[in-house]
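Got a structure here, written out as structure tokens. Questions coming.
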Amino acid sequence: MAIRTAEDYRASLRDGRRVYIMGEKVEDVTTHPVLGPTVDTVAGGYELCASKDPAIRDLYVASHPVSGEPISRYYVTPRTSQDLINRSMMIRRSIELVGSLPFGRDIGTDCLNAAFVVAGQMGNQQYQDRALAFLDYLRHNDLITCGAVTDVKGDRSREPANQKHPDYYLHVVDRNADGIVVKGAKAHITSAPVVNEVVVLPTRQMRENEADYAVAFAVPANAQGVTFIARGGRGDWTDHEFHPTARVGTLTEGMIIFDNVFVPWERVFMCGEWQYSMLLAYTFATFHRFTAISYKIPLVECAAGCAVAMARYNGLEKVSHIRNKLADIAAYVETLKALTNAAAREPVMYGDIAVPNPLITNMGKLHFASKYHSFIQLIQDIGGGIIGTAPDRRDWEHPDLHDYLEHYLGGSAQFSTLDRMKMIHETMRQVCSHDSAFHEVITVHAEGSMEAQKMMILAEAPLKRYEEMAQRRAGILPWIGIDGVAEG
Amino acid sequence: MAIRTAEDYRASLRDGRRVYIMGEKVEDVTTHPVLGPTVDTVAGGYELCASKDPAIRDLYVASHPVSGEPISRYYVTPRTSQDLINRSMMIRRSIELVGSLPFGRDIGTDCLNAAFVVAGQMGNQQYQDRALAFLDYLRHNDLITCGAVTDVKGDRSREPANQKHPDYYLHVVDRNADGIVVKGAKAHITSAPVVNEVVVLPTRQMRENEADYAVAFAVPANAQGVTFIARGGRGDWTDHEFHPTARVGTLTEGMIIFDNVFVPWERVFMCGEWQYSMLLAYTFATFHRFTAISYKIPLVECAAGCAVAMARYNGLEKVSHIRNKLADIAAYVETLKALTNAAAREPVMYGDIAVPNPLITNMGKLHFASKYHSFIQLIQDIGGGIIGTAPDRRDWEHPDLHDYLEHYLGGSAQFSTLDRMKMIHETMRQVCSHDSAFHEVITVHAEGSMEAQKMMILAEAPLKRYEEMAQRRAGILPWIGIDGVAEG
Amino acid sequence: MAIRTAEDYRASLRDGRRVYIMGEKVEDVTTHPVLGPTVDTVAGGYELCASKDPAIRDLYVASHPVSGEPISRYYVTPRTSQDLINRSMMIRRSIELVGSLPFGRDIGTDCLNAAFVVAGQMGNQQYQDRALAFLDYLRHNDLITCGAVTDVKGDRSREPANQKHPDYYLHVVDRNADGIVVKGAKAHITSAPVVNEVVVLPTRQMRENEADYAVAFAVPANAQGVTFIARGGRGDWTDHEFHPTARVGTLTEGMIIFDNVFVPWERVFMCGEWQYSMLLAYTFATFHRFTAISYKIPLVECAAGCAVAMARYNGLEKVSHIRNKLADIAAYVETLKALTNAAAREPVMYGDIAVPNPLITNMGKLHFASKYHSFIQLIQDIGGGIIGTAPDRRDWEHPDLHDYLEHYLGGSAQFSTLDRMKMIHETMRQVCSHDSAFHEVITVHAEGSMEAQKMMILAEAPLKRYEEMAQRRAGILPWIGIDGVAEG
Amino acid sequence: MAIRTAEDYRASLRDGRRVYIMGEKVEDVTTHPVLGPTVDTVAGGYELCASKDPAIRDLYVASHPVSGEPISRYYVTPRTSQDLINRSMMIRRSIELVGSLPFGRDIGTDCLNAAFVVAGQMGNQQYQDRALAFLDYLRHNDLITCGAVTDVKGDRSREPANQKHPDYYLHVVDRNADGIVVKGAKAHITSAPVVNEVVVLPTRQMRENEADYAVAFAVPANAQGVTFIARGGRGDWTDHEFHPTARVGTLTEGMIIFDNVFVPWERVFMCGEWQYSMLLAYTFATFHRFTAISYKIPLVECAAGCAVAMARYNGLEKVSHIRNKLADIAAYVETLKALTNAAAREPVMYGDIAVPNPLITNMGKLHFASKYHSFIQLIQDIGGGIIGTAPDRRDWEHPDLHDYLEHYLGGSAQFSTLDRMKMIHETMRQVCSHDSAFHEVITVHAEGSMEAQKMMILAEAPLKRYEEMAQRRAGILPWIGIDGVAEG
């Protein structure tokens, strides 16, 4: 088959999966008021593969490396710097074109690519074959995946094996000739209730006594024992706001409960090899943070655009301190972009798989996360108090009020009051809404905390090189001089 | 009369005022789903005056300086450092006891105190008498006020007299023997639709050609030509959340349209004295920023409490980087507190009126505003991703889900999962909600922007002293040495 | 006697003490090219007591609380907020009048005041009596002290008793009826080689197996077995620079080696009470950080003055971004001042001893230390590249060059080129010299690291109060409402 | 000829040039105690071309694009990304191998490359030919250049033509058939007194009435009327310190006075074309900031190495807050490196000249400069107070003191006290010396201030793109959707 339509995708979600949201069981996720828009967003990824613009289509559709059949380009395992750049561009452009990220295949393959790397490092041909077979299954049926990695964790200061009960981290509770049985819960899983396949990895390094926790596998979303509990919405579009026509999607996260779920061996990619759990978590994190810094780019560009626009609509674009703030905003956005591109241009090869540069990727993510709140503060500052207290669309349209608002809410005479109102409302959405607050939280936590990024930076940076340079200067190590050999 | 009941207050709001919200006219603000909670919050201020705890009652009720009748202590014009401390404590405690700030009398008297200072500096006995008469009217009838200061401003780079139309700043359009007629609109006015009297000041320094804009006065909320347009709510409490019993109030802001409103002379406190507009704006800003840093204290204490609690509920309170973050959080909160107290302890006297120290007040406000987003980021960091994606109360109560959630959402074994859920929900409200995003915006804009605070810091700081110290060291000015006289 | 002259003080230093600097033994510290200026600086403290200006004299001279004889006011143990303010003002003013801090009595009494507090908490009358007798000895003979607290520490990750050898922390190696014998080394001790008495405290909390390390005492500077190793100078004044006439002092630090030094029991203030070592270190830190934030004030004022002056000499004082930077500079300086005053105004009483507020003191110190480098960066930014590369005084006076420099190094036409040159040189000294780099280091380390301040902030801040406020809102604890009692 | 020896270079400096330093005229710069080390550093650049290591030699020696003769690779005008990477690597490696940057050819060609770009944009063949002829002269004679760009500027708030006198910016005072006569002074010119040729550019955009200031040219260092006034040293190596054998060079800056200097037309590259002065200043700034971020890399790596080493020597490398700081240090260094590489990999082409990406280059420079002081603070923090107060080498060697120091100044038992002492001394040089303070100043000012970088970031960043993205979302512009065309 390969390359489904958006309707194929929607139909595939009506498969008996067990989904709850806001205290209610959902019969059909595609029509649910909160989950439906998430389905639409993910469906946008299918629509891109059928775009009338060949340049867009070519970005999203590739050829199967063996059969040549058209497949989603997400299912091309990266071999080159260009593959990584393509991957980043797919992610970025999709937000621009769909209005939100059709999240799923990216993280699913972040998981799967990491599984390939680790199977290669293990030298475990069986795991490699299984992962490739699963990938080909995804390619051929053009399926959507999510990545279930973060466990619920219980007491954060305790190891998986040392908790009040053993289930705070997902683990194997039984195994037989056919497969394994797993128990546990994964949290914050984006797109979870609307995918076809759930790919599961351990969230951290496991130790010898935690071998049962070192497990990676995939199961279909409607597998027996799998329950999704989705979080509620974050204030969706209403007619109180000014942009009803633009396609502005959303995504949903969910917990996934694995209540003694059976997984056949052909879908198991790690089981017990605790020594490799670190490499798996680490490689996944690198791929996934590269995905993250890619999808953040259009999001922060758009938020930055609100600042640029509001500065102009307020008549402030030539004021010195505003220009200073716009420069800070631009430097924030473009440093993220430069680091993302650099991570793709300086990959690390594991066998024939190109992994985005782990050091640069983590620095990019840390740059994004550690300075995001200051970035938002700058936009709020430029926007003005009106982005907190603006009247709404129905006020604007009310005959008693319209002329007042038209008269009094103008800004720079170059722009209509209506356009200023629209931009105020967009800026509200970007920096003064439930959604914007939620984005702050995921900035800090999604794809790992800043502490996790610092840990990887410390592991990857050439500290030894720095130290030796200092030791040579200090006279502790010999100087290596002009002729390239140790002196004195 | 003096000291009304909460019911008296509510009754006084059914006076024919013209209020709109979300495109609808409001017949009775006390029963409106968004405005009603604001009324309840403000009514809390009346309830405090009738508290069964004498210590609380004594904090909020004072004696009229002449008649001795009981009056709201807000209506005591500050003469001493202790008066300022009382004022700060009234504000702080009310948030703790009522659950939200009964905002109104504070800013109303911030305006009125500034008017007294300026009338004194002008040597204008008539203005002083009028302001005092108005204060006694408020005292005797125990009325609620708001302060209408911020104009809508149009093109921010243009002066009031140099805009597309003259109405972007409120101004006098006519005057006669009985009074003046004013036109304009004030924005972001907290509590506006639920007060008895609106006190109006100019928002900035005016120049000679802007004398009509240098106008200060008071009008009743139901005055002819006054229209309130309130902003919509920010996601009020639902049964999806976990704290139905606590009294958690809210406030509402609104635009106020003045459509050729008549003001009798006895309510006019400045009219045309543009030379004093700067002093008026400046003194108001000082009083009001002192109010601000007072009411921010319990708000940031409570948010800090979420971080402390979540660290413990997550089992992280002994982890080094978490402790470091908690220390940063505490230093942020307590520096605000120390500066607020210091501003009260080192007042500047204008005649017999004690003005909070302008330099320290502005530094306190700038400290609060410039570091608030980093403070929130720390809380979000400690809280964990669960504060973005937690299931809601109805999930918790659903028979299919309850046991899963009880089992999987535990944290430190010292606490019940239910308590952790409650704290997660409170933390969501504090740092991951429409409300929390709104607080970021008002942090930046309410009571003036950070640029405004820097301008006042620059005006108040002893730059000349610094410079002379450097010039003495540099040998440009003579050294003043041990004997206290210039040397060399 | 009481109140010596500067000459008395100088004479007292010729007592056979064992001092080394830059690889040479010093026969007379008063005439040494590096140590002499330190002696002059400390002597300035004696000169202040003899100032011809009675206001200055009264600040530095007090009456003995019992005998009434004139004594240095540093030797008044603080009982009130005013005593603490006096103490802060003595420190600040002395830098303005002497040109540098006559450091010694401040830290000596920081130690002794802490010893009084701890002896009181122990209820150990003997220690109290000894400390008082020692204080009276200092008062009567008007002696200079230093405080020897920081040990050399060896491997920082190991406890005192768990090092390569036992001497990385000073400890008791013998004891008999007459006294104790101590061994160890103290580092970074300011003014050490030029004092009369060395007061020694433990640098940290000690545990049960470290009782020998829990020792506090005083010895004269020329005691048998005491050796001072002073660090070299930091580039003293030469005729290459422009301010030969101003009195600009300096200070010196030194290691003190205690090579089996005998201390009679009457000079021992703690010996073995490891349970109180924490309180002693903690109380000393509070007193001493209060001293620190006091003496930092005139130093940062003067550095700020260079920025103000250079902005004007460069013609930049009206430029928007420069004004913004000056506001940041002023806020930095004045926040330090406000917190210092607040620490004195809100003391904590231990018996009848007023201890500066520990929370505010530590916040003041952390404010100072954590933002100092940014403050210096702002001054360097405003100063211009010329503060790095300016010609020197001899260039200015060279006949071939003078006219060129006069012509080309002018700035704003309001000032002479000579004055600009002088201010450039002063700014170099403040922010582009060996001395300025050294100040950055002591900003971070003197009076304890930022980590130490954060630890104390965490210990002192009302975290429990924050948490309960959040728990009440969350519905975990009952709400305490308007009537001051738990509800619901 | 091409490719001189270091001795040829030294000999060429004895040419009658007029150099002053610290109030004295210098007869031979090669033997002067301050200037001699600068000559040695620059000579290192010649030694690299004669390295016995072919890989090093090949990095520094290229073939003349026409004649094929060996030339310095600095004199290859960049055509490709690889040329820019080579340029960056030459700069970085030279610091590692020579111990300091042989500064001169880099900035000289930064100027000349900018001149080529501008001549091309003007379409002025004559200027192009002259610049090429001059470049070939440099290539053939293997000469050292400096770039004289920054004027002394007088009152910074006034334009060149609007100052107290016309000479605060260098300008043409006469012209005839043979050439032009210029007057003015350039400040902070690195390596100036030790180069062969001085290349001069305007420091800023000039306006129509400032055409005489729009002048670019080259003159030999011994030209009639040229005087160099070098700044004094910054505390060179003495036997008080621990690293006498390592080759640690230095550089010198100087003012250059142009006292009616004649320049023949064949050395004039711009004269009066004020419309292009902006492009010239801007393009030079881009090339030169790329040079800057390249040479900063090994400098900050080495400083970072002191932190890594001191953490280990102090026994602190496993402590959580130290690791956190090391991660911050590494992220600072490696972000600089990643941005520098990215600027080379994404060049902007002007004709066939590859200009480093201006946006990324300026972000790299701003990253470096704005966070440098925090970086230094972290190193000082990790280093400990001992980096301010350590005894010196002669103390170490003194028989009275050696055993004390050996005993007491040990750190982690893994390292000898001597190695720790050496590393302490190196760290002092890096972060607690006249030199380190000077580096802070040039961080802020060299290659343009942070304000200048922000201005260029604002000019280069795609603000319009951001704004349109926001406008599309807001419904102000039509949405461009999945089919790549405007919708609705």
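For clarity, chains are labelled A, B, C and D in written order, and residue numbers in each chain start from 1.
Just so it is clear, a contact is a pair of C-beta atoms (placed from the backbone, for glycine too) under 8 Å apart; a residue touches a chain by one contact, two chains touch by 3 or more.
Bear in mind that the values here come from a model prediction, so they are computed numbers and not experimental data.
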{"item": "Starting at subunit A, fewest touch steps before arriving at subunit D", "value": "1"}
{"item": "Winner on C-beta contact pairs when B-D is weighed against B-C", "value": "B-C"}
{"item": "Same-interface partner of A-D, chosen from the options A-C, B-C or C-D, over half of the pairs matching", "value": "B-C"}
{"item": "Centre distance in Å when subunit B and subunit C are each reduced to the mean of their C-alpha atoms", "value": "40"}
{"item": "Between subunit D and subunit B, distance of the C-alpha-averaged centres to the nearest whole Å", "value": "51"}
{"item": "Set of subunit A residues in contact with two or more other chains", "value": "321, 324"}
{"item": "Chain-level touch network, classified as line, ring, star, complete or other", "value": "complete"}
{"item": "Residue ranges of subunit A touching subunit B (in the complex, touch as defined)", "value": "20-25, 150, 152, 154-158, 163-165, 167-168, 185, 187-188, 227, 229, 231-232, 235, 240, 253-255, 257, 259, 314-316, 318-319, 321, 372-374, 376-377, 380-381, 383-395, 397-398, 400-401, 404-405, 407-413, 431-434, 436-438, 440-442, 444-446, 449-451"}
{"item": "Complex contacts: residues of subunit C adjacent to subunit A", "value": "320-321, 324"}
{"item": "Residues on subunit B engaged by subunit C in the complex (per definition of touch)", "value": "44, 47-48, 51-53, 55-56, 96-99, 242-248, 298, 301-309, 312, 323-324, 326-328, 330-331, 333-335, 338-339, 341-342, 345-346, 359-360, 363, 366-367, 419, 422-423, 425-427, 429-430, 454-455, 457-458, 461, 463, 465-476, 479-485, 488"}
